[in-house]
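The structure under discussion is supplied below as structure tokens; questions concerning it will follow.
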Amino acid sequence: MSEFFTEAVLIATIASGIRFAVPLLLAGLGEAYGQRSGVLNLGVDGVMLLGAFGGYYTVLKVGNVWIGLLAGLGVGLILGLISAFITVTLKADQGISGIGVFLFGLGMSDLLFQRLVGTPRFIDTFPRIEIPLLGDIPWIGEMLFRQNLVVYLAFLAIPVSMVVINRTTFGMKIRAVGENPEAADSLGVSVAKVRYATMLIGGTLAGVAGAALAIDLGIFQQNITNAQGFIAIALVYFGAWRPLGVMLGALLYGFVNSLVIQWKTLGIITDSWSDFAAMAPAIITILALVVVATRFRAPSALTKPFERGE
Amino acid sequence: MADTPMMEMRAITKRFPGVLANDNVDFDVRAGEVHTLLGENGAGKSTLMKILYGLYQADEGEVLLDGEPVVIDSPTTAISHNIGMIHQHFMLVETLTVAENVALGLPSSKGAFTDLDVVSDHIVELGGKYGLDLDPSAVVWQLAVGQKQRVEILKALYREAHLLILDEPTAVLTPQEVDQLFGTLRQLTADGRGLIFISHKLHEVLALSDRITVLRQGRVTGHATPDGATRSSLAEMMVGREVKLAPDKPDVTVAEPALVVSGLEVYGDRGLVAVDDFSLEVRAGEILGIAGVSGNGQRELAEAIAGLRAVTKGSIEIAGTDVTNNRPIEVRDVGLAYVPEGRMKDGCIASFTVSENVLLVDHRESRFLNRGLFDFGAIREHSQGLVDEYSVKTPTLETPVRSLSGGNIQKLILARELEGTPTVLLASQPTRGVDIGAAEYIHERLVTQREEGTAILVISEDLDEVFGLSDRIAVMYEGQVMGIVDPATATREQVGLMMAGVRPELSP
Amino acid sequence: GSDSESAPEGFRIGIVAPSASNDLAFTQSIVDAANALAGDPEILITDGTFVVEDAATAIRGYAADGVDLVIAHGSQYGGSVEQIAQDFPDTIFAWGTAADTFGLPNVYAYEAASDEGGYVMGVMAAALSETGNIGIVGPIEVGDAKLYVDGFKAGAESGGANVSVVYTGSFSDVALAKTSAEAFASQNVDVMSGTAQMVVGAVGVAVTEDILWFGTQSNQSELGDIVVASQVYKWEVVLEQILADINDGVKGGRVYEVNLENGGEVIEFNDDFDLPGDVKSLGEDAIDGIKDGSISTS
Amino acid sequence: MTQAGGSLRVSSKYLAYLVPLGAVGFALLVATIMLLALDASPIEGFRALFRGAFGSTDALIETSLKATPLLFVGVGITIAFRANVINIGGEGQMVAGGLLSTMAALWLPDMSAFIMLPTVLIMGFVGGAIWGFIPGYLKAYFGVNEILSTIMLNVVAVQLMNYLLRQPLIDPAEIERGTRIPQTERLQEGADLPLMFGSDRLHIGPLLAVLAAIAAYILLWRTPLGYRLRAVGQNPDASRYAGIPVKRTITLALTLSGALCGLAGAVLVFGSEGHRMVTDGSTAGFTGSAGFNGIVAALFGGLHPIFTIPASFLFGGLLVGGLSLQRAVQVPSALILALNGLVVIFVVSTDRYRQRLRDQDARRAALQTVESEPAGDRGGGDEP
């Protein structure tokens, strides 16, 4: 046990927990926009996978990680548009069409990888940026302020989203459309437009999350997200549809994972228990869902396609 | 009044699959007047108004504003033409504040950010001018019904509506709230605004309107003015024949109390007491009507009696058996039949067939089973019997009830509930939203049932119905009985005051 | 290496393998080996069949199509091979990595002594480590992965290093592999190794944190100059032995292995890494010791 | 209940069933484009696909075997969906069923098939039922969204499987050899699914699945319990009003749904070539994604157990044929997965259209007879 409490180990546990949380945070935040407007998008993982491939492949070809991140963004944007078309315009069942998008992303990203790349090759990863002054703070500096730019951007997206959702007219429309689309519609708010917008935001963030994941790892391979997209969706419920809650959930998830791994490497968790340790995040999520479900209410129109009586 | 109407609809026709909702309708409004649209349920009033507000597109016809033809293809367009609409059902986002509901969809003075402080100030200002008192920062779900109504009006005024459509704005208000609303509306017409008013309450129509247009089956069937019309003349124009406003009731000797409610306390959905120390007896062979403005605990009372809502204090007895907090099925077994207020919500399963809906309560019964499996022969026979007896108009027994008319669905529910002569019949808003014709029929059935010795508790917001049907009237206000009166001697005004919370002994 | 044996005229080989045939690892190693065979046999590949029953369908499909040799390249395919080989007694099956032919005359088994290469690299790792802390990232504690990890651990410990092992619990979770490597980095680990497809996540950390890396299953030198050496499988050694048998009229019932001794297992050094001579000779000594039996890898 | 009606309705109804086929056709069109992009001949590919799926007795057998878990899961999904419960947990429930039945076969003494076979099938049923009960209970009594809880339980199930197959259930021979492949020993023969029609491959699994579909049909449309399931799915308020225990029924729906998925897991184990349970560390390695694909089969079948039978066989054929397509034109298997996703997307995207066709039908029929009535209030508005 004592080994765990060395400075370096503690700092590393938290720092890597934070990095682990970033893709979850981005994808979860995007999903929160959609759900606040009444759309459940179960296809996040598929979008992340394709975004991951797009980002990876671009960096491989172009050599610039930021262009790679943009590529992930573009992929996410397109898939967000397609998902919006399926769920908003065609009004398909949100849960199942999302599974379809997931399967498509899973297969397609692998297919593209095998055809266009084949042998896994490392790409550049994001350079670490040490924030002047803040980065020099003992402990805190090392944990928080010696990360890469994407980490900072992801955490910046939280307050931005809080402002967008709670303080802008657009955010008000999102909340209204997710709660009572008929009422919003009667005031001239286009339910479809708002939902397209949130789906585009959601897709974009999922694409960025995937690209950030692949570029941060410096590699792509089949199913690289390993169902992180689904975890991100669960985090939206966990966070009771609030950006801050999503962030807390993502951090908790990241910390639990890096703690479990750290304990495994230190022999605190023996291998025969490792399967159970791997269950922990899922079980914690279910328990959190129980708590949230009894305290908070989902947006009333969630999963319900909107149709103007006619 | 100006010569050109501020709004004119010409030869409007609107078809829904199989329904001609508006058939060549002409309708206009002049500045400073209240023009009332009158018609039975389904006559096409809301449809016409939704066309005017851009929610539906007319198949034929045109709309003119100040003499100029316009195309109103969305609510946004309507709003930009200074048309406002108060919908039949509240169009409010319950989780947003009053100010947010008002500001929704409007450009903000602060660009992308909301300007709720500015909006709030203006709300208070408008409220002061028109007697619409509200806290702009209150979250809507916390508001009382009357307050929600005010939010709706404010939304329209905030958008500078010159032409205001009010689709049944009084349905959920107390008589006093109605008076207050009418005060506001008169102020609006005095400002030169035009109002379209829709209501089924004929005395309100006579009190408020300048002109009246009657719709029947989608067609304009008549025009009237308040000075030249009476309630029964209006009813006749609506239905197309003479209408019996109250059923004939033979005398029946009442027997033992069949339903005894004593000291009942029940909580509502929001965790507040909805039924408070409520006591009542209904005897076999009598109809007890409960009058009251909606939201005064009637729904909770009915649900508690039916076993659908937990009772925290007091007791409920049916035919001498204590059924307090029993499961719904147990209460039914003792002899309760229940016609719920939400016909589509609670009373039937819209996608199920007529036969399947007949089975809703009785599907476990052995007479419909054969070795554990449904006996479709028996089920069909039984359903056909009920459909014939209650003249439910349906193409087949396999038709989903979704495609039946409201009146026929209500008859089907009634048929199902009255089957086997229940000890107690609890009927909530039995004729709400059904044709006058169907309503007449339903009233007759209730009277017949009374003769057969069933104790009947009718909950209704329709005073005409309560007066016409009841042997005794109990008035419910804030979860309590304000008093019990005899319909033969009591006046509407007395009952109205009681509905507003004034105890009879205090009234002059 | 043995003399290359030529496949008979018109010989057809079907390969069924769990991952992609260009994975630079498990599946690619067998595909490359088959392609290296003399006599130009026709090679048919069904890859990505991580579902056992799908693999079974493919194995059966090749047998039914009259393919001469069906290679079931995955330990988890054993049950299926046992069944199908009985239904197609004229078809020859090779199952790896495994050591059991189920007593069937038409089934070969082949495996890798991955502990041997692991041990050799462990010895060098211990010598290279300055902190004396070595970390190994594994997927699930089974089969070939466990063999390799155990061998590496034994070798490193023989050199006096302090070794910790983490099994992430997944063959595919790259992010977890990365987190594992980060955990090692925080514990003053300066040499790492690992196996299975998700291990690339750990290599990435090794590159950024400047931790030395030993690879396995394929030559990972191109991943960076932190890669010291890789253990590489040359399955053609096994396949040639099987072809030789076939040419001799034997159709199965034998178990073959790639190991340091028969040249089926090779330690490939990274030219970009400046390996001190003494460390390299420690490794070579270990190889010799294993070959002559004086060193035990467990 | 059965529908009777005029010719207009019938044609519209057939059209409604053609819609998903159109969706498949569209997916195949996309497949053609993808094959061309991969430099593979679509003609040769599709020929291989068709041959591999339906072209010979062997192909038909493979297709039937592949369709079996799809059908079990599809029927289970249908029951849940009919009760308005979305079960995405088929994967985990299959694993749970597979595990419990495997334990039974492993730990019970060797017995004759007459006892052992029903026992393991029941255990599979129970294992899946437990895995369905948990999210069902959480949904009914705590309001936990079942889509998420079932997804999470998939994760838990796979770890449980990995643990059990690595530790307590592992084949002792694997430990002895040191290879430690996470698999059980060959399970007792009494639990083997018997073979049919003298085939050495075709076990009774497909038959059991078809029987399960028929049983589910009878349950849903001929029994009070099924009536309650559907009633709760269509209108929980009205159900509660009518005295149906809504929460219990919701729990039961997911439990039954899980149970059928559990049966699929058991059939996978005892009908497998190896007659043992194996893991590669992922759920899909055991289930072949039948827990997801079964949803597609159910949707294909219009959420009707009987129509789910042909839908499962069609879809099973697509999967088996996909493998032979891969063998024939040597394209990566990921292509099949991507196509799979497209089929799901196209089918659900056209679902709304299909419903509209059906509704139109019913409405038209209703109107033909009620023409005499006033236009009044169709759609039954119940508000003031």
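Letters A, B, C and D mark the chains in the order given here, with residues in each chain numbered from 1 onward.
Quick note on the criterion: contacts are C-beta pairs under 8 Å (C-beta built on N, C-alpha and C of every residue); 3 or more make two chains touch, one makes a residue touch a chain.
Bear in mind the structure is a predicted one, so any value in this text is a computation, not a measurement.
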If you apply the touch rule, which chains end up adjacent to both subunit A and subunit B? D
CA centre of subunit B versus CA centre of subunit C: separation in Å? 76
Inter-chain centre distance, subunit A versus subunit C - centres from mean C-alpha coordinates, in Å: 35
I'd like to verify one number: the distance from the centre of subunit A to the centre of subunit D, where each centre is the average of its C-alpha atoms, in whole angstrom. 29
Centroid spacing, where centroids are CA-atom means, of subunit B and subunit D in whole angstrom: 45
So which bits of subunit C are touching at least two other chains? 20, 48, 141, 169-170, 172
Quick one: which residues in subunit A touch 2 or more of the other chains? 110, 114, 222, 275, 278
Two or more partner chains touched - positions in subunit B: none
Taking the top-of-page definition of touch, could you list the pairs of chains it picks out? A-B, A-C, A-D, B-D, C-D
Given the complex with subunit A, which residues does subunit B contribute to the contact? 50, 53, 55-57, 74-76, 79, 85, 87, 90-96, 100-101, 103-108, 112-114, 155
Of all residues in subunit A, those that touch subunit B in their complex: 167-173, 175-176, 179-180, 182-189, 300, 308-310
Any idea which subunit A residues touch subunit D in the complex? 40, 42, 46, 86, 90-93, 95-97, 99-108, 110-111, 114-115, 222, 227, 230, 233-234, 237, 272, 275-276, 278-279, 281-283, 285-286, 289-290, 293-294, 298, 305
What residues on subunit C touch subunit D, complex-wise? 18, 20, 44-54, 56-58, 60-62, 64-65, 75-76, 78-80, 82-84, 87, 97-100, 111, 139-143, 146-147, 169-172
Subunit B residues touching subunit D in their complex are 16-21, 40-44, 88-89, 168, 171-172, 200, 217-218, 306-308, 327-329, 332, 338, 340-353, 355-356, 359-361, 363-364, 369, 372-374, 376, 393-396, 398-409, 432-435, 437, 461
